[in-house]
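Structures incoming, each one as structure tokens.
In what comes next, chain A is part of two complexes: it sits with chain B in the first one and with chain C in the second one.
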Partner chain A sequence: MNMATTDSSMVRFGRFLRDNPVIPLLAFLVLMIAVLEVIRPGIVTPFRAGRDGLISTFWVGNLIKFAIPLAMLAACQVLTMLTAGIDLSAGIVATVAAFVCATLSSIWGPVPAVLIAMSMGLVVGVVNGIGVGVVRVHPLIMTLGTGLIATGCMQVYQRLVINAGSEIPAVLSWLGTGRTLSMPNGLFLFVPFALFVFWLMRFTGFGRLLFALGSNENAAKLSGVRAWQVYVALYALSGLIAALAGLLYLGMIRQTSLSLASPLLLPSVAAAVIGGTSIFGGRGSFAGAIVGALIIRVLDTMLTLMQMPEGARTMLFGLIILTVTAIYVRITGSR
Partner chain B sequence: MSDIIKKNAWVAGLVALLFVLLVLTKAIQPSFGMSGLESVARAALPFAFATAGMAVVVIVGGIDLSVASMMAVCAVTAAVLMERMAGVPAILIVLGLGFVMGLINGGLIVLTRVPDIVVTLAMLFVWEGVALLILESPGGATTEWLKQSIRGSVIPFVPNALAIIALCVAVVWIPLRRSKLGISIYATGSDELAAFRSGVAVGRTKIVAYGVCGMFCAFGGLSLASLTGIGEPVPGPYLMASVAAVVLGGVVLGGGRGGLLGPIIAVLILRIVRTILTLLAVDPNVTTIIEGTIMVGVVMLGTAATLRGARK
Partner chain C sequence: MNANQILDASGIAKSFGAVKALVDASLSVSEGEIVALMGANGAGKSTFVKIITGALTPDNGKVLIRGKQARVGSPAEARRSGLVPVYQEPSLIPDLDVADNLRLTDTPIAPFERWVKELGIEGLSLSDMVGDLPLATLRILDLARALASEPDVLLLDEMTAALPSDLVERVLKVTRQQADKGMGVIYVSHRFNEISELCDRATVLRDGQTVGDLVIEPGVEDRAVELMLGQRLDLAAREVNKTRGTIGDTPRVRVKGVAIAPKVTDISFDMFPGEVLGVVALEGQGQDELFECLAGFMPPTAGSIEVNGTTTAFRHPADAIAAGVKFVPGDRADALLAQRSVRENIALPFSARMSSWGWLKMRHERERVEHAIDRLQIDTRAQGEVQRLSGGNQQKVTIGRWLATGVETLLLFDPTRGIDVRTKRQIYPLVRELAEQGSSVLFYTSELEEIPLACDRAVVIFNGRVVDIIDAENADEQTLLRAAYGLTAQEGAA
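After this line comes the complex of A and B, so read on.
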């Protein structure tokens, strides 16, 4: 009690923020949107540009639409980071799933194509899980390596199906590009998905095992947790999520390419980190990662509007990730 | 005593593996001789320097995800400078630039207290952007003598490229390893808190280690520029390869153990494997798969061996 009274208000504020990382993040998001509005008056609030409406639902819809795949990939990072891991194969898994789905749906129809695409994610995930959980390879190396192998497999596969043409299943286009009440249809997939992740992290034994393994692996093992089973399940889940994100992204972009979702990988790590997930494990929230994904998208729009050359954009992007994380670490006093 | 044998056993095993692979190459392609060895060594140049840099930061207990981007910055700077000035001052400027970039990475890690993996991930973007700002599309030029220096062999049976790797790494690493700073690097890597309590300036040690990494990346960038003759602003595939070679070379992720000799031999092994696959007329894409599988398999075996050793 004495401790609490001698704490400075700054420390107490920091502790409050550490327990509720979403609040400062939301404040930062609003700040970023305000800055965006200053840079280009009327983009968020059409009435200032002489059009109707207080807030542009089109703009908000677009923001959410492009943040969804990023947030889904960030879910892979959040879940794996809870156990002090990371999934660097997520971007490639998403690309592989999208490519396989697009090429197979013209041959076998959309349903088998989607199922096979998802099973690709599962396979890569299980291999990651075995490597991390059973053989105990560092997750960073393991997922980088499987990513490399998956890229090679995709290139070989591409030469086999080079004549098959590609087709985007109608469901995916509807999810990716359609709008309901000017909000993107992707939300029909994302809202249940996000609820599932919340439920998984907060209310299931599996979620508690992830936090336990990340906080103190030895203690968790001594308490009878079969760590390898958790890791295999975790990375398999991460692979599935990445494949799902890839399918959604395919519907959004409506083009196949061998590097479709790869540029999303590093932003997804950034979104998870900005969202207050500790790369050392044991602490993280998916809500934070969602806000992180939104922040990254607003930042992206801002840099495009300022007509930054490609180099300056990439550079600023990196600097801002670093600054946000540094400020966050400073305020909360934790890593 | 047994520790010394164990340490050297790993490197000796790698040398034996390298030798076996060379014999295998010769068996597959009887005409494989000096010129073949030379091209392997030449192709290994940027990989070797990226790996050397990565090894230093892994030994100090960190990791640098921005090696490939720093190499790109150094390569384009070298190409732009050599269009306008003589080779030697340009090389010195590029080496200084690499060192400063590394110091910036290390300084940010120490000052912000953000995990190194996150800082260098962010710096990966930053350096990539810097490279694009310096040179938007591949261009520039490289001094002729620099391009020539990595070809041929002055010392018999030793390709120049290999000699350059050995020389650059030895000049930077051996004095460092022998100095107080080298001991600090190993101490910080094996237990940061213990090192701090024993009076090691942990922060400064880390910063310098990242600086050395940056300098090796500058060597890597210079070798990239002299290999291609131009500056390429897009980072190459050096991150994954360098991490794999570092682990294969017996440097433990997490720090404190290993040297630079093992990782560099590991780079040569990985390059020879690629040559063998090419000689066997394997589809280059399949080669990528096999290479990735080998990297992952090696890392898996290495980790399993380390774990068994730890249990004993």
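After this line comes the complex of A and C, so read on.
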């Protein structure tokens, strides 16, 4: 019997996807946009609808604008997932940072408000890091716990500042709502941020250690890596990133609420996973997560356009994310 | 074709991307026959075994089972056809207990337990977590599980590599017995003495190709090595040229009365710069704990360790590394980032300290890594992921890591386990060379013949204590074995 080519083209294709997750993801993104255009002709190509330009820069700008905070939170997930962790406090940290910043800037002005908001993220992150790295609590439990505690603290804090009113620092509004050449100003923050994350993952010793801890913590220990140091730094960084994302989101939404960025949490996890990051550690890509965030945004628009009731929309959204992830995991043979 | 032939595989080919693991491999086995499958590291032995037992699918080739074409699509199918393997790597799942592992493969419990006893493992409970068991026990459990499913053909892939000599004897005995009852065996090993004792025939692989079939008879070793390496090699010149460097007179490391509860009770010895100090011990005499303690994984419960004259209290391997003490563990899987590249694996210690978390010093790193790769002659064809390298090359990577950073004191725990002759012959001179350059090496090996080959002196550990320190130069295997069993020379003579 001739056992014909068993490294079937499917398997080889899957391996290719795993090594270059961004390429098929981009293709998928384009496909989704095409579907969107079919559902609502003219939304992407106003030319056909009689307006100017072949592709609506306004629509693209909007897509990017709302994908930015999601992609930033996804960075928290990608970085922690590299070590087989996760940061479930990221959504709440972003919300807390936004809330604290808005309330404090009416009292102390924008600069101290931003600094204090960022240090909130740092504090939660350090606590997460100590829990995960020193006490060795599972990251899922640890970050869920600190997230709950942070929510409680924020509710108490809200009572205290109930009359203070809120104010959004001008620079955040500019970043959040302004446009330059019809692209959102948020990119002025996000592009350097993304470059920083790439640099961190590819060209630094710290990045190497994230991959190493996720691949084999024992091997890292054997090589002299004190894992707790890495975990504390990692979760602190994740907290800072989440706070920064919250501030940007505040500038975008321009109102405070006790659940401002919380709905972004699960999509941020989904963006990371769709982008080819393994929740079991050792493999991940921020570029993939960025495309993942864009895909999720397009999906969201699609569901909104279909004018579904809120509940059905949320359900369908969850279903689609699960399906996409499952398909992706299946064809790439990754987990 | 022989009427009793059970398995006949021919023309098997398999590539992993650009790496051609098998090109044209053939092998057959009949009832009651024990066939050795030989070949240097990376020759494709493990791949061949995995293909026959359905864990990998070949790109090409033909498998006949009792004369009929068969398609072995999965390990379960193979088992149903009577082909049962013990793979090179332990295959029980560490997070489950023994009973659950058996359930996963539908292994009948009663015969399993009988085999475990027969193979000389005492005191095993089915509720033991697999992850807590020592490596040697795991290998035996793998074998017992395979035997319990009453195979027609048993495939053993470097089964004995991780075993102490007493367990090896048991395995050989049981294998022989079963063969006498009609079971066919395919036996992968690098050890000539086992093969000549056990096997009827040997099939030799080189670079993925079957290059010869030998009948086992006295003197066949030369022919086998010749086939394996593809050139004539003088076996007599196996002795490593032991150019002795000067051994320093102030000890680099002093181990004084060290005890590590519960296994190690009293260990003392000195390690000098320029010296390779062997450790002779049967499995489980406390050598594992000793090495882990010296490497900073756990503190001694009593006694002290001095490095360069200062008493140390290692609380983490990082402390040991800072003191120049570097550890190569027995289990390569413990030391390697399986999915990462050769380069990242070797360069890992460079980023360990917080002060080196910033920009990678790419040029510096590349120089050091390439130097280590050259010096160890690591085959980097599959360097993108360390898990694709053959066992010998993986081991070289774990050693190369410390060559790249420089070593004062090197702790080598069974570095030649499951490694082919060629790689071994590269490792001994390397160890000698390191010593010559002033390093101090502690070298535990489960193969006693390596002690006189690579070491200057050897400490004999029995039951958690040092029972003797001997001159390795003149120690033959017999002396060492007696010592390892706790018999002193005098008692032996009496």
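FYI, the second predicted complex is superposed on the first by the 329 of 335 C-alpha atoms of A that agree within 3 Å, B and C clash if a C-alpha of one lies under 4 Å from a C-alpha of the other, contacts with A are read in each partner's own complex, and residues count from 1 in each chain.
The rule is short, and it goes like this: a contact is a pair of C-beta atoms (placed from the backbone, for glycine too) under 8 Å apart; a residue touches a chain by one contact, two chains touch by 3 or more.
Small disclaimer: the values here were computed from a predicted structure and weren't measured.
A.B. asks: Please tell me, clash or fit, for chain B and chain C sharing chain A in the overlay.
C.D. replies: clash
A.B. asks: Identify which of chain B and chain C touches the larger number of residues of chain A.
C.D. replies: Touched residues of chain A are more numerous for B.
A.B. asks: Quick one: is A:313 in contact with chain B, with chain C, with both, or with neither? Answer first, second, both or neither.
C.D. replies: first
A.B. asks: Considering only touches as defined above, state whether A:273 meets chain B (first), chain C (second), both or neither.
C.D. replies: first
A.B. asks: On the A-aligned overlay, A:254 touches which partner chain: chain B = first, chain C = second, or both, or neither?
C.D. replies: Neither chain B nor chain C is touched by A:254.
A.B. asks: Taking the superposition as given, does A:152 touch the first partner, chain B, the second, chain C, both, or neither?
C.D. replies: Touch partner of A:152: chain B, not chain C.
A.B. asks: Examine A:179 and indicate which partner it touches, taking first as chain B and second as chain C; both and neither are also allowed.
C.D. replies: neither
A.B. asks: State whether A:223 touches chain B only (first), chain C only (second), both chains, or neither.
C.D. replies: second
A.B. asks: Thinking of the overlay built on chain A, is A:215 touched by chain B (first), by chain C (second), by both, or by neither?
C.D. replies: second
A.B. asks: With chain A superposed, which of the segments 45-53, 81-89, 99-107 or 297-305 in chain C collides sterically with chain B?
C.D. replies: 99-107
A.B. asks: Of the residues on chain A, which ones does chain B touch that chain C also touches?
C.D. replies: No residue of chain A touches both chain B and chain C.
A.B. asks: In their complex, what parts of chain B are in touch with chain A?
C.D. replies: 63, 108, 112-115, 117-119, 121-134, 136, 233, 239-240, 243-244, 247, 253, 283, 285-293, 295-296, 299-300, 303-304, 307
A.B. asks: Would you pull the chain C residues touching chain A in the complex into a rising list?
C.D. replies: Touch residues, chain C against chain A: 15, 57-63, 69-71, 295, 316-318, 321-322, 327, 329, 333-340, 344-345, 347-354, 356-360, 362, 401.
A.B. asks: Spell out the residues on chain A that touch chain C in their complex, using ranges where they run on.
C.D. replies: Answer in residue numbers: 1-3, 5-7, 203-206, 208-209, 211-212, 215-216, 218-226, 229, 233, 282-283.
A.B. asks: Show which residues of chain A lie in contact with chain B when the two form their complex.
C.D. replies: 86, 131, 135-138, 140-142, 144-146, 148-149, 151-153, 155-156, 159, 266, 269-270, 273, 279-280, 309-319, 321-322, 325-326, 329-330, 335
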